[in-house]
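In what follows, structures are represented as structure tokens.
In the two complexes below, chain A is the common chain; its partner is chain B in one and chain C in the other.
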Partner chain A sequence: MKFISSEKIPGFLEALSARSTVWAPRELTGSGGTVMFERWRPGDPIDLEHYSSLSAKDVVLPRTEKLFGYTYAFGGSPFSGGLGASGTAVAASDSDQAPATSGEQIVIKPAEPAPSTVLFGVRACDAKSIQVLDALFNNPGGEGYNDPQYSARREGLTVITLACTTCDDACFCSSFENGASEKAGSDLILYPVDGGFLAEGVTGKGGELLSEPFFEESELAPPPLAETAVIEGLERLQEILPGLFDDLDFWERVSERCVSCGFCTYGCPTCHCFNIHDEMQGDREGERLRSWDACMFALYTQETSGHNPRPTLAHRYRNRINHKFSYYPENQGEILCTGCGRCIRGCPAALDIRDVLRDALKAARKE
Partner chain B sequence: MSELVSTIQKVLAETGLVLGWSATGAGGVAAPERFHTAEEAEVAIFDSTCVHNLSVHLPRLKGRAVGIVAKACDARSIVELIAEREVDGDQVRVIEVSCTDTLDVKAIWRRYGYGALIEDDGSELRVNGEPVEREAFVQAKCLDCEDRQPATPAGKPVPSGSKPANARQQLREDFQAMSVGERRAFWREQYARCIRCHACREACPMCYCRDVCIMQTTDPHWTGGGINTAEAEMMQLIRVNHLAGRCTACGECERACPVGIPLMLLMEEQNRAIEEMFDYRAGVDPEAKPPLLTFDIKGDSWDGE
Partner chain C sequence: MKATEPLRPEPATVLEVITETTNIRTFRIAFDDPALAESFSFLPGQIGQLSIMGAGESTFALSSAPSRRGSFDFSVMKTGVVTSAIHELSAGDRVAVRAPMGCAFPTDDWKGKNIVLVGGGIGMAPLRSLLFYLLDNREDYGDMTLVYGARTPGDLCYAEDRRDWESRADLDFAATIDTACAGWDGCVGLVPSVVEEKAPSPENAVAVTCGPPIMIKFALQSLDKTGFREEQIYTTLERRMKCGIGLCGRCNLGPKYVCTDGPVFSLAELRELPDEL
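For the complex of A and B:
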């Protein structure tokens, strides 16, 4: 394997940042120890020791992203001429879809193109999460849905993973097939050794980076990786959960601590729900945005009539577990959880998803 | 059997439900529980890791009899909920526990790893078997709590005028020294990392509008749906103002914030102003009329026409 010394990491990132946007984990000042993935610029500190409080999913699914901008323009007004060059008129006054006002045009301004990005210092569970999201969003030319903005960001993304040699009490990635040695989603993996890191290229994109002058040949052997807590039989939940669906007592019991703060979904690397909304500046111009949303919120399923098919917290918690361990595996072939433990570390009510999963497995055995 | 357990069991006979704690959280710390039977209640504990303000669950349990184990600060939230008629005082049995201080468990875990073993006998605090400096890991609200009952010399409140032992206290002092412009810049930097999860609202016992909160309604569209600094600032302006004269300083908003925004600086500042202006402290008297909930339609400014 190749080797890069710890001292050379900033130089390596600096070289990468000359051609890409680099994201790396950092402890934010005055944040009581919050570690987040942020845009990295030469000189910025990096925290590779702690687990990040939030996942790095912003890189493929920004918390808020512009889908497009729009301007209402009226026939002969300076708007249409000025914006026509960069935008596309989608509704001219003589077309069938024309708005009621005669002479009105809507000029669409497309979103900025996706940048080329390097995500540095994620763990195996987070890299794997990106692959889990790909199953839903990124199917260019193939079967299934392809989200053009996600897909463009994914195309330009290089993931450099830091292999875990230790873990904490919240980690449970070893419950999944490959545990901490998972390679899916990573382009390059760094294994911590004395004085630096062994580097293994996983994809062509990652392998190419090894020819950079920061890397040298090494005879060192990679270190043993972390073994986390294990929950046996997670894949059986796909069959088990539909049988528990109507047992609302069960869902009330397992979610009774929850205060519905939503962190477990916003912090999760695999949760990907969003809302699409228009925000206007004045009455002529606006943006269509896509922002994070989550099934733990009441408004998530509130219908226009006022009816809410998931009226209580227990209904909403049931959806969270079912989507992760039953619906998503059924529809996309992947469990929507990689055992990163963030929802456990961050829950203000000490609710541990592993207890719920064990209870569900136990309830099934009793039947 | 501990006195706490037998008290809970007595209350259970009346109410059929008691909110309390067991030691089933990671590393043996407290986790919120609902006890329905005397047998379930046998695991009830109270110690310095019982940080949660359980009264946040009361509005959702409106209409049924319930017992609740409460620290003095939690009890203030219950009193305020009763004063606001959000909780029926006759339906609630409060089991008050005496408390010396509670720990900032998150800060301990951030330093020593999630699930690190926390042992606390009330004076000496040990993490993974090693003694650590207690004041550094006590919730800041506890250090100047008036209801605190120091059991040992080590649990004594920090004398005023001394150097803050606690990072949070230091921040409070730094904040006090800032000019208005510096404060604005400080908050904008803080809000930049807000993910708009609304945990600060959901964890607050007084934010019982929750599911119909104006921060998320689309009609009328009071706030934008974007997740950015400007919206976060707007959101906190709304949240803080809606808690004027109602906040009991329990600290749950800040504890729940996943990105460590020091929201208590805002709440403390406003609470101080309310006390000065109206001579009112929220959560002290269940019969009190909270000043900003007093809308007198027969008053001077409006004759009710």
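For the complex of A and C:
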């Protein structure tokens, strides 16, 4: 392994930022300790001590991104009414606003290419979660869906992970196979040691960085990694949860305090549900956007008729837990949670997903 | 559909707008790219997403004959923002389409069987496509029955097709309305009771039903009384959808996605899934 001293980190980041966009964790000004992954520019402080409130998933799956732009090439668009005050689109109804004439074209313009990006200072659980998202969005040439924009971003992404030597009481990554020693999704791992970090290349991309002048040879041994609390038997939930599905009392009890704010899904590194909507810019052109959405929101599944298959909090919470610990494992062979603890630290109602998982395991044992 | 960018629709043009009822119109659409227009194909039961740039995208059953080349139909009921914008369209207007998506009715497995179709209101859209397909391959199937109902004569879609279906000797067709009214000399009564009256034999048969949830509920009871078992009954499901490719997470029913694993399900399959309709 090689060594990089703490003093050399800013210089290393500066060198990276000369050729890539760099994202690093920093405390939001005036937030009283909220750490987020932000675009880093030379001179910016970074915070490698605290966990970020939201994960860094927006580096691969931005909160809002343009799927494509569109223009009506000439003539009036069939939508010349433009946007109403509420922000919802309003159809033109008077016939004097001529509908699209024949000959007019809709021109679809692809989104801009993704920049090359370095994600600095994520934890093993977050690096792992990027690999989890890869299974859904990034399958170039293989079976399954390949999202061109996600893939382009992923191709240009280098992940530099900060290994955890301590943890807080919301972390439970040790409940999953590799816990804090997880290497999947990382290109380079930094292990905190006295005066700096030991650096281990995981992929070719990460290994190449070690030849930069900021790194020196080292004989130091890597530090022991954090051991977090363990919930035994999470893999059994795939079998157990279907049996609990119709026990609405159970779901009402465990989600009683939830306020449907959606933080647990927005903060989560593996949640990936999205909405697609259009925004007009004037009446001739606009953009189609993809943005984060969450199954914890009441309107998420509401149908036009007013019917909602998940009308209450309990229904929605049930879906979130089932998706992560039953449906996703059934479809993808993997649990959709890394034990990062964000949904526990950030829930305004102090709901703890671990309690729910333990309760579900217990309920099954009783039967 | 271009496999590389399934979220990006292909420009298309409205060729014709057919007013079906006060709130349902059928839009005949062709892709602008002539090669795509010609090569485009789908199977009955499959769906597509129709975009009006600025208003958004909505999901509809492909309602035309799969054998028809060059264009396809969506029959759209006006209910909200996107569907209202669609209803503003006239021939020559530009739209964009992602299609085909989802799974089709397993028509190959049904070869040699008698077929009973039970449709209500806009739920006739996917059944229309299916019926065209079955009639195009008439010799592969046994007896064919269609019960199609709406509240009033004015709520029945596909007037021209119905004339053809009525005149065919190889299709037992009943259009029914809820209550008798002047000028209607056809069948009167709710769809499920007409099914019960006809009492099609469940022997070597499949039944397909699509319509408002309440109609489906009672149609299933009628089919059950008639002796149809769960694995002989098929339906298509609706859920609020966005991506149409099993990714946005919106349309799941347990581990299945209506947009990719459906919209066609047999009743036996549905019984295996969590009850979250």
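By our rule, the second predicted complex is superposed on the first by the 341 of 367 C-alpha atoms of A that agree within 3 Å, B and C clash if a C-alpha of one lies under 4 Å from a C-alpha of the other, contacts with A are read in each partner's own complex, and residues count from 1 in each chain.
Basically, a contact is a pair of C-beta atoms (placed from the backbone, for glycine too) under 8 Å apart; a residue touches a chain by one contact, two chains touch by 3 or more.
Computed from a predicted structure; not experimentally measured.
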**Q.** Clash or fit (per the criteria above) of chain B with chain C on chain A
**A.** fit
Q. Which holds for A:His272: it touches chain B only (first), chain C only (second), both, or neither?
A. second
Q: Once the structures are superposed on A, label A:Cys295 by its partner contacts, choosing first (chain B), second (chain C), both or neither.
A: second
Q: Tell me which partner A:Ala350 touches in the superposition: chain B (first), chain C (second), both or neither.
A: first
Q: Please work out whether A:Ala364 is in contact with chain B alone, chain C alone, both, or neither, and reply first, second, both or neither.
A: neither
Q.
Once the two complexes are aligned on chain A, which partner has more residues of chain A within touching range, chain B or chain C?
A. C
Q: Check the residue A:Leu136 against both partner chains and state whether it touches chain B (first), chain C (second), both, or neither.
A: second
**Q.** Partner chain in contact with A:Asn331 - chain B first, chain C second, else both or neither
**A.** second
Q. After superposition on the shared chain, which partner residues are touched by A:Ile108: those of chain B (first), chain C (second), both, or neither?
A. second
(Q) I'd like to know which partner A:Arg63 touches here: chain B for first, chain C for second, both or neither. (A) first
Q.
Touch test for A:Glu256: chain B only (first), chain C only (second), both, or neither?
A. first
Q | Where chain B and chain C come nearest after superposition, their Cα distance in Å | A | 5
Q) Where on chain A do the contacts from chain B and from chain C line up? A) 275, 277
Q.
If we count contacts the way the header does, which residues on chain A are in touch with chain C in the complex?
A. 67-68, 70, 72, 77-79, 82-83, 88-89, 91-93, 99-102, 104-108, 110, 136-137, 145-148, 242, 245-246, 272-278, 280, 283, 286, 288, 290, 293, 295, 300-305, 307, 309-310, 315, 319, 322-323, 326-328, 330-331
Q.
So in the complex, the part of chain C that touches chain A is made up of which residues?
A. 4-9, 11, 13, 32, 51-57, 79-81, 83-85, 87-90, 92-96, 213, 238-240, 242-243, 245-252, 254-255, 274-277
**Q.** chain B - residues contacting chain A, complex
**A.** 24-27, 29-34, 52, 56-57, 60, 106-107, 109-111, 113-115, 167-168, 171, 189-190, 193, 195-199, 202-203, 210-211, 216, 218, 224-228, 252, 255-256, 258-262
Q: Give every residue of chain A touching chain B within the complex, in rising order.
A: 28, 30-34, 36, 50-51, 53-54, 63-64, 168-170, 256-257, 259-263, 266-267, 275, 277, 279, 289, 291-292, 294, 297-299, 313, 341, 344-346, 348-352
